[in-house]
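Naming follows writing order (A, B and C), and every chain is counted from residue 1.
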Amino acid sequence: MSAREAASPLQLCRIMRPDDANIVGNVHGGIILKIIEEAGCIVSTRHCNTQNGDRCLAALVRVEKTEFLSPVFIGEVAHVTAEITYTSKHSLEVQVKVIAENILTGAKKLANKAALWYVPCSLQNVDKIMEVPPIKYASEDQEEEGRKRYEAQKMERLETKARIEEVVPSPPNPEDPPKEQYTVGFSQSTLIHLVGPSDCILHDYVHGGVTMKLMDEVAGIAAARHCNTNIVTASVDAINFHRKIRKGCVVTVTGRLTFVSNKSMEIEVLVDASSLTEEEKGKYRAVSAFFTFISLDKFNKPLPVPALKIEGEEEQRRFEEGKARYLQNKAKRLADKERQQ
Amino acid sequence: MSAREAASPLQLCRIMRPDDANIVGNVHGGIILKIIEEAGCIVSTRHCNTQNGDRCLAALVRVEKTEFLSPVFIGEVAHVTAEITYTSKHSLEVQVKVIAENILTGAKKLANKAALWYVPCSLQNVDKIMEVPPIKYASEDQEEEGRKRYEAQKMERLETKARIEEVVPSPPNPEDPPKEQYTVGFSQSTLIHLVGPSDCILHDYVHGGVTMKLMDEVAGIAAARHCNTNIVTASVDAINFHRKIRKGCVVTVTGRLTFVSNKSMEIEVLVDASSLTEEEKGKYRAVSAFFTFISLDKFNKPLPVPALKIEGEEEQRRFEEGKARYLQNKAKRLADKERQQ
Amino acid sequence: MSAREAASPLQLCRIMRPDDANIVGNVHGGIILKIIEEAGCIVSTRHCNTQNGDRCLAALVRVEKTEFLSPVFIGEVAHVTAEITYTSKHSLEVQVKVIAENILTGAKKLANKAALWYVPCSLQNVDKIMEVPPIKYASEDQEEEGRKRYEAQKMERLETKARIEEVVPSPPNPEDPPKEQYTVGFSQSTLIHLVGPSDCILHDYVHGGVTMKLMDEVAGIAAARHCNTNIVTASVDAINFHRKIRKGCVVTVTGRLTFVSNKSMEIEVLVDASSLTEEEKGKYRAVSAFFTFISLDKFNKPLPVPALKIEGEEEQRRFEEGKARYLQNKAKRLADKERQQ
């Protein structure tokens, strides 16, 4: 394949699905950005592999400022064109254009234009940056303009690199002091989820199974943060679903360790829902439950779990309650075993 | 269809996919719970619609304590059997069994047994609870045992209902005071995402497009929380990707409003990554960027945005910087327009 | 837009993700079928809306027999080209070609060629079939060949329509004793899917590609159970879509082995749909088809397949019919080869 061919534009298209959009039907900007990057990654990885040497993957290092020029809706087809427009020794620029087509009316509109910079990393050693095969330019002017864009973005990347390294890796709220390891606060985790169409199939309300999946996810993250190992769900206490969660709500799911035995962790999971558009209803607790996780080694054998550092009366109370549940379950398991014998 | 037939067990199976599991190959408990609930919802919705009257959906109200008896792995087939085992006037119990089959060796193991309680809600009016058609029992004993389970769970649901309603709908950290509306803290949003196989296709590192999608998601939630309307992405400032994010990491994405003009909101999005299993590496800032959102009415026309209540010097400084970016972009747009004329 | 333009080919591409493949890395045939159908649906819906009158959606009514010519792997890019090749008054034929590209090595291979028939349904009233705008042909011969294909498929669709309505669907019975290995009952598999919003994008009816993906999944499970090895889709017999499936329906997909040769397995897949809430309408057979799978060793070389233990007259009859199809296809392949020499 000649350099010219390799650099030929790539076209991809995809129909916009209900899950790509908010409840009013507007496709999320993030979906458009993801498709743009997929096209950029394909065209630049393909180009960087048109030479001898290590096989490589083009890694995204920068996206230039981009404007969303027209909204895109469910059922429209997004046509994405990606073209390599400049190559330096170790990086390349891809310009991408997104046109949204309504296939029922034939109407087309420009939805987005973006410029992305990629760097080829060796698949043998990701820290090794490969050389980029040069492209041919239609004119000297074109090459010169590309060089200017290259210099400008290089300078900006260096500047922000300096700035980002100043920032102390920080919890969401930078005023909070960092938490000590093995405390409840250290592993406490929160996720938010915007309820989408596939979460509510028969109805406008979230299926209970969707909520339980999110609960298990956040409990698993809290457990893994506590013990830094492979963890699996061992059991779930009874869960009551008191309040329904409607499509378009934001669900906040928080997991925090309450009790730790020698070989298991109990995580309390709280699910709060709030409507983004019906302000008056406020935030409400929809579900809560206790998940028990165990830590496994690479042969799937249980590992000991680090002790939990308790801070304050509230945590102490929750720990005692967790211990009572743990002892009760243990007694029940023993009784069941005896009965079976 | 007679009541007898409608109550006949439901069998479904699904193969476990890479995205259902953690990086070691263990299927997440949450995936199993989600499949269990799907089977329960189908069998009970079908049963409750075998009579005249409003069409209805069975809504999950309770899951009994459940144990994960054996781990399930990618490539195994989960066989789920769901059977209605008790009906009261307004609720029904479904017992579900999950058997995991290794289709390469033929080995089967019991992975989970669960009991779920559903209540039929009218599709015309979700607050109207419908009656449940009775099932036939194999014996009087069977019916009697079901009645006992029904009474026991009813009592527990009432108890936790009282308890849950005491709980003040609260922020993740219940010690924090609630935030005042229109402040930065009020709309600040954080999501966590566990990097899975489909986020890293060619490599063990997250594709940039996946990160941008998460960034847009959290920015959109912060924007919607601030103005309680339909919001869309208007533009994204240049984004630099300084550090790669590896498979198995937890990504924490935080969005906070920095500046608000009459018709737009600027949201700063911070992406931090941390490995769950390689403790030494700690948490690091991988990406940060500014997203601009606008608020739309139902005809997709821009709406005014509520002013941002600034608290403290840090927020004031970020507001001024955001204002400078806003004015600079506005000047640039005007210059571009003039040049084109 | 002129008729000429509208009928211009459509190109789409997508990178293959871990979730698209089995644990050995082979992309499922069902994923390829789903992408093929997405391209076919876009190009034909776009074409049928290039005229005045009701806006319409092209609904898939038939896929011609298709062979999977080369396996596709995770990380490869599937390039799909779809072109309208014949139009009758009320239907149109789309020919689709799938080329898999390894963007690391530049290697390309033809993965699949398929022909799909669509019928335009009005979005106001799905039972109203619209007229199809005619395309221009490069030559009279081309048009004449298209007309022959049209007549042939029309006759076959009428025939299978009569046949499909006889079949009585039989539900699985979990009380039955365990089946002996290598019997039809041993590997028979059923999968249940609740039709969600993303299965029905432009309409309230399931896209044909979604159904084909489910069919391939269940056929693959049945095949793997029979031979306990890595299996891949080798070909799919012509599929006719007789009845539409609506959002909110439960789809039951059953796969059972009908015939086994030395190196291949034929699996009959039956798709039944039923509404959960409108039980009176009953369950109906929506689609049925024959999939052929082969068993591979770890070097992707074909393995011998265990013989099928036949029980009863019904199974014997289906086996004979499968054998006839197998011999007919083999004869056809030989004839094609001779003609090419």
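Note that in this section a residue touches a chain if its C-beta (ideal position, glycine included) is under 8 Å from a C-beta of that chain, and two chains touch if they have at least 3 such contacts.
Quick caveat, the model's predicted, so the values are computed rather than measured.
> Touch graph of the chains shown: is it line, ring, star, complete or other?
Chain contacts: complete, every pair touches.
> So chain A and chain B: same face meeting same face, with over half the numbers shared, or different?
On the two sides of the chain B and chain A interface, the residue numbers are mostly the same, over half being shared.
> From the mean C-alpha coordinate of chain A to that of chain C, what's the distance rounded to whole Å?
Chain centroid spacing, chain A to chain C, equals 33 Å.
> What is the distance in Å between the mean C-alpha positions of chain A and chain B?
Chain A and chain B have C-alpha centres separated by 12 Å.
> Residue numbers in chain A touching 2 or more other chains?
Answer for chain A, listing residues that touch two or more other chains: 38, 41, 45, 123, 202.
> Under the definition above, what is the set of chain C residues touching chain B in their complex?
The contact residues of chain C facing chain B are 15-19, 22-23, 74-75, 104, 171-172, 174, 181, 189-192, 194, 217, 220-221, 224-225, 228-229, 250, 276-279.
> Any idea which chain C residues touch chain A in the complex?
Interface residues on the chain C side: 1, 10-15, 38, 41-42, 45-46, 49-50, 55-56, 77, 101, 103-106, 123, 194-198, 201-202, 248, 276-277.
> In their shared complex, at which residues does chain B touch chain A?
Contact set of chain B toward chain A: 22, 24, 26, 28-31, 33-38, 41, 45, 57, 59-68, 71, 116, 121, 123, 126, 153, 156-157, 160-161, 164, 167, 169-170, 172-173, 175, 185, 188-194, 202-205, 207-210, 212-218, 220-221, 224-225, 228-230, 232-242, 244, 250, 252, 254, 272, 276-279, 282-285, 288, 291, 296, 298, 300, 314.
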